[in-house]
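Chain lettering (A, B, C and D) follows the sequence in which the chains are written, and residue indices restart at 1 in each chain.
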Amino acid sequence: MKIPVGILGATGMVGQNYIGLLNEHPWFEVRFVAASPRSAGKKYKEAVAGRWQLAESCADAVSGLTVHDANDVSAALAAHDRGQCAFVFSALETGKDQIRALEESYAKAGVPVVSNASAHRSTPDVPMLIAEVNPHHADVIPFQQRNHGFKKGFIAVKPNCSIQSYMTPFYALINTGFEIRRAIVSTMQAASGAGYPGVASLDLIDNIVPFINGEEEKSELEPLKILGTVENGVIKPADAPIIAAHCNRVSVSDGHTACVSIEFGAKKPSIAEIKHIWTNFTALPQELNLPFAPMHPIIIQEEDDRPQPRKDRDADKAMAVTVGRIRPCPVFDVRFVGLSHNTVRGAAGGGILNAELLKAKGFLD
Amino acid sequence: MKIPVGILGATGMVGQNYIGLLNEHPWFEVRFVAASPRSAGKKYKEAVAGRWQLAESCADAVSGLTVHDANDVSAALAAHDRGQCAFVFSALETGKDQIRALEESYAKAGVPVVSNASAHRSTPDVPMLIAEVNPHHADVIPFQQRNHGFKKGFIAVKPNCSIQSYMTPFYALINTGFEIRRAIVSTMQAASGAGYPGVASLDLIDNIVPFINGEEEKSELEPLKILGTVENGVIKPADAPIIAAHCNRVSVSDGHTACVSIEFGAKKPSIAEIKHIWTNFTALPQELNLPFAPMHPIIIQEEDDRPQPRKDRDADKAMAVTVGRIRPCPVFDVRFVGLSHNTVRGAAGGGILNAELLKAKGFLD
Amino acid sequence: MKIPVGILGATGMVGQNYIGLLNEHPWFEVRFVAASPRSAGKKYKEAVAGRWQLAESCADAVSGLTVHDANDVSAALAAHDRGQCAFVFSALETGKDQIRALEESYAKAGVPVVSNASAHRSTPDVPMLIAEVNPHHADVIPFQQRNHGFKKGFIAVKPNCSIQSYMTPFYALINTGFEIRRAIVSTMQAASGAGYPGVASLDLIDNIVPFINGEEEKSELEPLKILGTVENGVIKPADAPIIAAHCNRVSVSDGHTACVSIEFGAKKPSIAEIKHIWTNFTALPQELNLPFAPMHPIIIQEEDDRPQPRKDRDADKAMAVTVGRIRPCPVFDVRFVGLSHNTVRGAAGGGILNAELLKAKGFLD
Amino acid sequence: MKIPVGILGATGMVGQNYIGLLNEHPWFEVRFVAASPRSAGKKYKEAVAGRWQLAESCADAVSGLTVHDANDVSAALAAHDRGQCAFVFSALETGKDQIRALEESYAKAGVPVVSNASAHRSTPDVPMLIAEVNPHHADVIPFQQRNHGFKKGFIAVKPNCSIQSYMTPFYALINTGFEIRRAIVSTMQAASGAGYPGVASLDLIDNIVPFINGEEEKSELEPLKILGTVENGVIKPADAPIIAAHCNRVSVSDGHTACVSIEFGAKKPSIAEIKHIWTNFTALPQELNLPFAPMHPIIIQEEDDRPQPRKDRDADKAMAVTVGRIRPCPVFDVRFVGLSHNTVRGAAGGGILNAELLKAKGFLD
């Protein structure tokens, strides 16, 4: 008996990715889909006709589901009460204020929300989880429930896809005792990060765009919350590392690459130590053997010219971060290139892993 | 009466660019071409059949020239003596040691060499010129001639294409009194930088390659020589800025983009001052009104998402650097994006401007 | 004293191309711009902020024009009466029915319309002009005026960009006496053909899309009208060639390529004859020395692997068709590859050439 | 106990694909690898260092194999006699004459050759197999052995990758009784078809190349041999369909697309009949349940804009042909778009399926 789940924003690109990745998931089963009023009432298959982006066709079980209006919380609640929607994945893509309010409405109605949206990322009592990095931030959920008067519902979010290529490597070093004071990061991000239709092809043919609206701020600030401490029921952001991000859009379908220079605190690991730490890094998802957990969260590629998006993005079910070119930095201490799959690890796959973690921790019972 | 010039390595991609750009040059006229023994004896048109990379056809005057063996200095010397080759542009693409020796042979034979090759970039008495930045480095030429027993010949080189997007902007600030201590640079470089055939299409379709052999070292060290001082007939490299470069190859035909974070010394310009300095920067080439000098060596694009290779590489005859996104850096002081055309400003066009400068300074009389 | 012209749909991609191409036009000068109500009232520069697609900045004279509502014919009429809008180029991009009615309103108000839109392409008394092919179709204009009660206004259109790569070559052969019975054409069309934002980058990264809505029908039928005869004040389409078109979208910014197999009637030219006909083809625009007329409407590239979009699209001010690989066809008689610049020759540039033709013929006095 | 196999040309791109695809093959196991003298003597892992093109790392069992000189047949023979090389897959990429002779040497030595190379495609007693189309052509093998004095050795080849997208669909119709008289085919072929490094990235960035050396001839002639009859121990090519091919290289990594117009004989199927025939088509490989046989050799995509390389190339283990846009042709009878994965179905995967077929038929015992 699998746990029935719902998808809010099911017809968008992230929503489609959830549906694709949850096909044959050992724990979860999509039984409820909701999207904009425009899609409401249609069969899912009709609602995505001409917009389906995945190579694999949509599973029959989902194709036949009726799409509900995501703004109508009562539909999800009814499904919840019928045992067809234990919780929802939020892949909503409308305005931030609207999403913030809507996710709260679901939580208030008793339907937990595992979200990919950015609306609640800076809310202090909402955990922003990378399952290998800050699973203990889930501890704020009971406080969140109390603060808002949620009974069984709650909101948990995941961070922006752009930070995934360096966040877990940073954490693995920090967790071993090597403070990272500062970092300068330059990303080359895939078109799929902007959804569909997203970036115009005229912007990426023989071209790059050295700007992604709001992305640098997220890339600089979200790591501080993720590395923060839980105090009095809220997450207090860390003070370091101070990050400067340069975010670029390049002609790649999937896979965000980051060139990173880092400055350690007084205690500085050798290149060999760094490689050892990253190669051997595992965390709670691996220990719990969660279905979407990569066996090795960080994979080191020793060839000079790796990682590369087309060759490395799919490593370990597209859930691992691949790191290469680990070498001394003439300005800071060490530099490297990190890569992760933005629509799997950085979006729907990361959300599913978060849900697995929350289930394992008892929040989705 | 134009000055007759020769091209060494005339059949390669940089050589072709020289020929294309020198078409209708007001001062220079290609009258001598040399390449590998394989091409020697053929008409230039035949030698490049199936390898011609430019959109425009080769000018008739050059098409009919007989290609000489670049290893045979006597051919150039004979042309020199006949008044058909006042000096040569070196676009040689063979091994570094071989090029180093060969360029010296031409200089020794009395044929000045204005080179695009990297072989002599670190030779202390060979000037590595960016015409707007260090034209005074040409002062080492008489010492070079004395050291090597060159009579009228000499060697002058230009730096690597990768530094062009930030070197002139750096210099404009330094020259105004703002020391730059450190910089972290991440480049996204065009395929044409690797020549033809160069990078395999399989490496750049839906992909980037985060490595270019030897490029990061050049991007870090060459600026120090360019900013160096002439002492006792040699160029003494500067101590700063210390640069860390991350060099990437992306799916762009022409135009290298650099994301740059800089740390100033004690005296720090405001963003407004930086813009003012860059907008108003001109130097000797502009003063001398050299044919290939851009009217504005640095162009600021105020739109959020510029500069972009396809839109900005051709600015001011493809000889200007376009800069945008000038904004504070949370880690260092300021960050920006720079872009320049790698095969024009960064290669053949830069070489031609250097020759114009050397002519204006009386070294090519 | 230049002729003042207006642009309807001035803020869209085709509209921008008109403005870019008309900069420094010897006859015409943009003095009036109109677009959707959303842009109305703004300065043109503001209306296109963040949407400007050309490498060159917008000319100052146009930047400062106030954008009018294109639906409000009275604005153009007032400009017309003030001597600031002798006629309009229509680059409207809204619905076909709406454009049809609107272009008629302008014509009725006395403002001639030289259109890029498809709305009136099948209207029998509206000429669909390729200046080198069917300039005599302008003869229907007086009939059109009489039929609709237009006084000085009228509508003339240009055909779809997809046919430009083979239509002029077809005509040159037909005009020499070689009937073309049938042709099978496969196009590889540039992204810019769909406007901006147009095709999503995810559709063209490591991909092609073998479908463009409505394009095959246009590619098959429009040639028949262009080759038609003027009878009783309307254009009667030709019966041949019967064309089958396969239209594909590929990862190219500008330049449509067509692979073409043709079957002649009883009289069949040799390959040599075809090359001779195409090389020597000129027509009325060349005879009249119109500013936008290419010197050679058809350019033959003899190299095996040409024409190629990046190398050949800009030939002769981007107004020529480049043809290559002319060889026997095992199924039909002859096959070849044709290429033309879709946003210049195939859109705004073709429209300007039509206006020049109509001016030379006295229709715009 | 798996059958031990060898790979000739194991370090090239097709060779690497064989090794990748044979990893965990249920019947075959790579135990012998040979390549050029330059690689001979090295461990396979070292020989492909810096040249490995697959996303997945090379299997350990193969990494450790010593590479033999492919020109030295005795090495393979020794392995054959030791029970480590029952037969070889030929992925040789040197000159055609050299490959022809070398493959014969292996056959003569008693080592069967299942080849991807083009050298023996037109040899009348060498079967050119598409497992679903002409498995009975294997009947010429005993004649080939007798003609050349081969004892157990023989040569079987597969056709060029470019025909795979239309050959099986053609056969399915012909086999049902619908003669195809003529066809005009325009292909858009992936970069991987040219091997690695293959096509220069400068040729495919913002560009297409409308020419592939020798490809059109193969695309036109090979189908006739495949559809031929076995008479007197040799394959007599069919007379029809007469095919005209236009072959283009486009910016796609994997997956060849073909736009096809076909003319039937007197008996013409309806669109509905064609769809029915293709949807239900299966052949001997499906009947024998061969490991690499796709469940459905031809998959129909009903969406307007499919098949697309990135979305459809991997269908059914990348061994199926995906067909779409089946519609009437105004010039011939019917037109459609076909797509197949050129390095899997069109190269190594097709070779493996051929070996499976030959094994099932008893030729590899």
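Heads up, the rule we're going with is that a contact is a pair of C-beta atoms (placed from the backbone, for glycine too) under 8 Å apart; a residue touches a chain by one contact, two chains touch by 3 or more.
Here the structure is a predicted model, which means the values were calculated and not measured.
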Higher-contact pair (C-beta pairs counted), C-D versus B-C: C-D
Relative to subunit A, chain with the most remote C-alpha centre: C
Intercentroid distance (Cα basis), subunit C paired with subunit B, Å: 41
Distance from subunit D to subunit B - Cα centre to Cα centre, in angstrom: 47
Gap in Å, rounded to a whole number, between the CA centres of subunit D and subunit C: 43
Residues within subunit A bordering two or more other chains: 203, 205-206, 251-253, 304-305, 310-311
Subunit D partner contacts - residues on subunit B that touch it in the complex: 53, 191-192, 196-206, 251-253
Residues on subunit C engaged by subunit B in the complex (per definition of touch): 49-50, 54-55, 205-206, 253, 303-305, 310-312, 314
Residue numbers on subunit A that touch subunit B, as the complex places them: 182-184, 186, 188, 203, 205-211, 213, 220, 242-244, 246, 248, 250-253, 257, 259, 261, 304-311, 324-325, 329-332, 335, 337
